[in-house]
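Both complexes below contain chain A, partnered by chain B and then by chain C.
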Partner chain A sequence: MLTHAINILLSGIFHAAILFLVAAGLQLVFGVQRIFNLACGSFYALGAYTGVSAVNAFIRLGLPHELFLLALIGAGVCLALIGPLIEWLLRFVYERDEALQLLFTFALVLMFEDIIRLIWGPSPLSTGSLYLIYGQVTALGVTVPVYNLIVIAAGLVIALLMGAMLARTRFGRIIRATAENREMSAAMGVNLRAVYVKVFTLGTMLGTLGGALVIPATATMSEMGIELIVEAFAVVVIGGLGSMRGALVGALVVGILRAVAISTYPELEMVLMYLIVIGVLVLRPQGLFGEPAV
Partner chain B sequence: MKVWIPLGSVLLLVLALPQLGWPYYTILMLSFFAYATALLGLNLLFGYTGLLSFGHALFLGLGAYTTAWLTSVWGIRSMEVMLLTAMVVAVLVAAPIGALCVRYVTIYFGMLTLAFGMLFYSFLLKFYHLTGGDEGMRVLRPVLLGCDLSGMPKLSFLIGPYYYYAVAVLALATGVMWRLVTSPFGLWLKAIRENPVKAAALGVSVRRYRWYAFLISAAYAAVGGALLGPTIGQVDPGLTYWTQSGHLVFMTLLGGFGYFLGPLLGALVFIYLQDALMTMFPYWRLVFGAMLAVLVLLAPEGLLGLLTGRLGRKTVRVAVS
Partner chain C sequence: MGDDEKGKQAMQTTRRDLLKGVGAMAVGGGLLGMPAVLRAQARTGVPAAPVKIGILAIQSGVGAPVGAAGLRGAEWWTARVNAAGGILGRQVELVVEEESSPKETVERFRKLALQTKVEVISGGISTAVGLALGPVAEELAMLWLSWDATTQKGVEETMPTPQWSFRSVDNEAEAIGGAILTAKHFPEMKTIAGLNNDYSYGRDCWDAFQAALKHFLPDVKPVLDLWPKLGVTDFTAHIAAIQQAKPDLLMTSFWSADTTIFLKQAAAVGLFNTMKGCFTTGGGVHDSLKKSFTPEGLILGYNSMYFHDAQASPLLKAFVRDYRAKYNEYPPYECDHAYFTLEAYKAAVEKAYQAANEWPTQAQVAKALEGMEVESLSGTRSYREDHIMMCNFFQGITTHKNDFDFVTIDPVEVLPTTRITKPPGSKLYDWIRSWT
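Coming up: the complex of A and B.
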């Protein structure tokens, strides 16, 4: 019974680590640019597909299989280069109505879906047996792939780094000031344009990295992006729009809830998630950690 | 006066289409009638009241599933009963949802409607014994105005009696909506869109009117869904997925949400263009995504805005919120 519970918890936390990365990107961009970027799910899918290609290329080059993680991280980080490009497009809608901004990111979702299909085709891809290359550990009667533990640790490290960056560094202060009041920070000499590019690129990288890291444990699917965006959406609503701590807590809630529901009463998996989302929106629309909605 | 001539000729063309011998394009018109009806409702909420729903596929799906449930589970096949039931069900479902949603505006309204839409989607998908799960449910041929036409071949039923029936429903829906938006009620909605605070100061109960608009738009979407049911013959949860809600908003923007007939034009262009692209190559989303991006950037007034020559940053009226 206990081992079963720990198993469920661990798989939930693994999923939460990935969700946190994507949701953190969504939060960062919403907090600073006030754009709810539906395309963050597409970044995730793009990261996953590029991750598979990078790993396959890595193996074909004859490099040691154990280092495939480097290829994944490299793919995730390099993909962030599309960030500045998309941010350049978004510049045209910063002054527009929120509805139009949302539709613009929806347009990106549609395009990315087909771009991915165009490049990688419709069939699922995977990295095969690399998932278990680091072996498994058994403790308290529970067996976990080491890879899962690596991803959980990576998620935690990134969360801590993000927290430290936001709280301690100059760039973090600028981000927080811009999120608080962009006119005022522009008046204080902050170069908004540069901040937007950096923040959006960072947000993109979190998404692509999340996609790249998940891929050894699963296979790519052409719908993975549009499916993840609704989960990331649930995370940020539960945690509170624009809040980093919210993204972490929201990801844990959604990730663990999903794992528990799948193993106990699968019919309720998604239904329960959306019920919680609606409950939070109705009772506490600012989310658990968000600023009160204006 | 000058509006009536083009409108009349379009109506004549629509009525004559089944006789022209293009059964394929005639059947596509049936989807248009369904989506156009749903979009009239969506635009009451978006264009007139200024609330962007990203979950309206819920009500479209509700209407479509009503036809499936009535025909294949209860054996009720009268189309009039189906349309009425779809409306009643939609209003009953929309009443509590709307009451919650209209407490918020802009992005929060959009998120809440999206969450409800996805809740319904997962219900359809997971409660297999009630809804058929991912396989969906069959919609049997309806009885129109008491005439049982089950002897007819499928194609001649769809491009014959059912076609004219759907035209009539759309025409009626359009007429009623026109009355609504030109009435004081429509004026209040526009006042709420332009400036909710001022509207409230003038004595308009903002939340209540937003709620009314929500209910009406839900009923319209359900009627659209009920028309769609017999057209496609098989309903599945995909009808209510969040991207479908996105497509509905896309159609509205494509035609021009600031115009009464904008959504109709948007639906028409969307459906025929999608069909044409899909037969050419499988990547229609790429083209549509690019088209939507260009629309948002350059022509947020939509096709009708372009046609009537009101393009240009200064005259662009994007007062939706």
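Coming up: the complex of A and C.
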């Protein structure tokens, strides 16, 4: 019984780590720019596909297989370069109606799906058996691949780094100030344009990293971007829009609940998650950590 | 058309030079052109224009590799047939459309039938798409040869007596084959678990597998059934549930990229160290099942074509060789579904032509297809009178003893459809119950 609970927990936390990365990017962008960027799913997909290409190139160059993670992280980080480009496009919808913003970012999602198909083709791609290269760890009757633990650790480290950045650095203070009151921050001399670009790029990087890190365990799939948006949406509603802590807790809730549902009532997997979303919307609409609407 | 002009020029010189010119062109011109045009003109009632064949192939998503395989099989067939002069002298022209959602695929089917006016449509892999296309083919009186896409239940409801639709093998065949092999190789099984995609194919396979297995091992109990959607890429939670349930055997009807992903994630936790596995349809992505994460000793089904068959015909050997050279992969079964439908079509056209003495109508071809038997890549395949494909299925036990980096099977069991699909007019579960 204990082994099973630990198994479920670990599988849930692995999924949550990836979800957190993408949701954190979403929250950052929403908090500062007040845009719900559906294209986070596309960044996730782009990170995955680019990750596969980077790793395959890495292997072809004859570099040591054990270091393939570096290629992955490198791909995820470098892709952040598309951030400024997309941010520039989004400028057209900053002050506009939310519905228009959603439509616009969803249009981006669809465009990215085709761009990805154009570049990488329609077939699923994977990094082969590199997933298994770090072996497994067995404890308390539970076997877990070391790679999963690495991803969980990475998620945790990034969460801590984000927290530290937001709380202790000047940039973090500026982000929080801009999120709280944009006009006042501008009046105090904050360069809003520069902040928007930096925040969006950071948000993009979190999404692409998430995609890159998950790919060794699975394979790329054409609809992976859209599928993730559905889950990221649930995470953000549960956690509260704009809250980093909300992203973490929301991701854990969604990830673990999904794992629990699959083990107990598999048919309810999706239903359970959305029951929670509805519950949160009814009982505490701002989410667990969001600010109540004034 | 250039050869035509050359012909005219030759005639302007002398009749003798014409004969010399024709000979030179036949040698120098190559595959297409003069010889085919001559042959076409030699047949009465056969138009010279190419015959258009519509192809529906999955091009994206989890089934993309399978769709690509079918398309490649069709293209290989077309190149060979065209090199040999085409069908009754008419060159074959494939018109390829994408198979995606049922609604979109129906639209493309209509376009092929009504706008492009193809003579036959070959394709269809996903069950949902098959269920949608059947009634449309009947409504439009459009000859449709399905590659896969038809399982028992749904088809009984939507296509009871098809006239224009020619169905694939009843898809539960591989589940029944898997049950037969499970009973043969793993008779000590007491508990089973099922991991199948949550749609009709997955559901029907799990039901058929259990029903067939019960015949041989009546005490077997199912302890868990899981239903991930087609396209799920994270099975860690499912694997945890399977480990908790501790079945003696896990059965799965995964047929596309999720097979590989699942095996990889299962290997990461050593799932098959503690249980047996039956992958009824995993052969669809066989060369992605690398030895590094696919253990020996699993039952693996290759559907209706096994590329490494020791009894492979020269045709299959040539196909495997060309496929490998062109795509750096080894062909899966979908290639032969596509090849067979086209080869059967060609044979039916030729047969109907004998009777009609002109290029046959779709109705005449449909009649000729019933009972048609041809030599396909995997061996002899045929259409039964009730429009269902008959062939051999290949399943076996995975082994690492080969020169590839992926698994193959040894021993190979050849299961004819007469053994694993219900006879005409009978109902599946009644038929299974009637086994001796």
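To be clear about the criterion, the second predicted complex is superposed on the first by the 293 of 294 C-alpha atoms of A that agree within 3 Å, B and C clash if a C-alpha of one lies under 4 Å from a C-alpha of the other, contacts with A are read in each partner's own complex, and residues count from 1 in each chain.
The criterion applied here is as follows: a contact is a pair of C-beta atoms (placed from the backbone, for glycine too) under 8 Å apart; a residue touches a chain by one contact, two chains touch by 3 or more.
These numbers come from a predicted model, not from an experiment.
Engineer: May I ask you to decide whether A:Pro64 touches chain B, chain C, both, or neither, giving the answer as first, second, both or neither?
Structural biologist: After superposition on chain A, A:Pro64 lies in contact with neither partner.
Engineer: Once chain A of both complexes is superposed, is A:Pro266 in touch with chain B (first), chain C (second), both, or neither?
Structural biologist: both
Engineer: Does chain B (first) or chain C (second) touch A:Leu102, or do both, or does neither?
Structural biologist: A:Leu102 sits against chain B, while chain C stays out of touch.
Engineer: Considering only touches as defined above, state whether A:Phe92 meets chain B (first), chain C (second), both or neither.
Structural biologist: Touch status of A:Phe92: first partner only.
Engineer: For A:Gly189, decide between first (touching chain B), second (touching chain C), both and neither.
Structural biologist: neither
Engineer: After the superposition on A, what does A:Arg117 contact: first (chain B), second (chain C), both or neither?
Structural biologist: A:Arg117: touches chain B and chain C.
Engineer: What is the contact status of A:Val282 with respect to chain B (first) and chain C (second): first, second, both, or neither?
Structural biologist: First partner only, chain B.
Engineer: Name the contact category of A:Met221: first (chain B only), second (chain C only), both, or neither.
Structural biologist: In the superposition, A:Met221 touches chain C alone.
Engineer: Jot down the residues of chain A that show up as touching in both complexes, chain B in one and chain C in the other.
Structural biologist: On chain A, the overlap between the chain B and chain C contacts is residues 117, 266-267.
Engineer: How about chain B: which of its residues touch chain A in the complex?
Structural biologist: The touching residues are 46, 52, 54, 100, 104, 106-108, 110-112, 114-116, 118-119, 121-123, 125-127, 242-243, 246, 249-250, 253, 282-286, 288-293, 296-297, 300, 318, 320-321.
Engineer: Report the residues of chain A in contact with chain B in the complex, numbered from low to high.
Structural biologist: Listed in rising order, the residues are 36, 89, 92-93, 96-100, 102-104, 106-115, 117-118, 226, 230, 233-234, 237, 241, 266-271, 273-275, 277-278, 281-282, 285, 293.
Engineer: Would you tell me which residues of chain A are touching chain C in their complex?
Structural biologist: These residues of chain A touch chain C: 4, 7-8, 10-12, 14-15, 117, 122-124, 126, 128-129, 131-132, 136, 143-145, 147-148, 214, 217-219, 221-224, 227, 258-259, 262-263, 266-267.
Engineer: Going by the contact rule set out above, which residues of chain C touch chain A in the complex?
Structural biologist: Those residues of chain C that touch chain A are 59-62, 64-65, 68, 225-227, 231, 233-234, 236-241, 243-244, 257, 260-261, 264-265, 267-270, 288, 290, 292-293.
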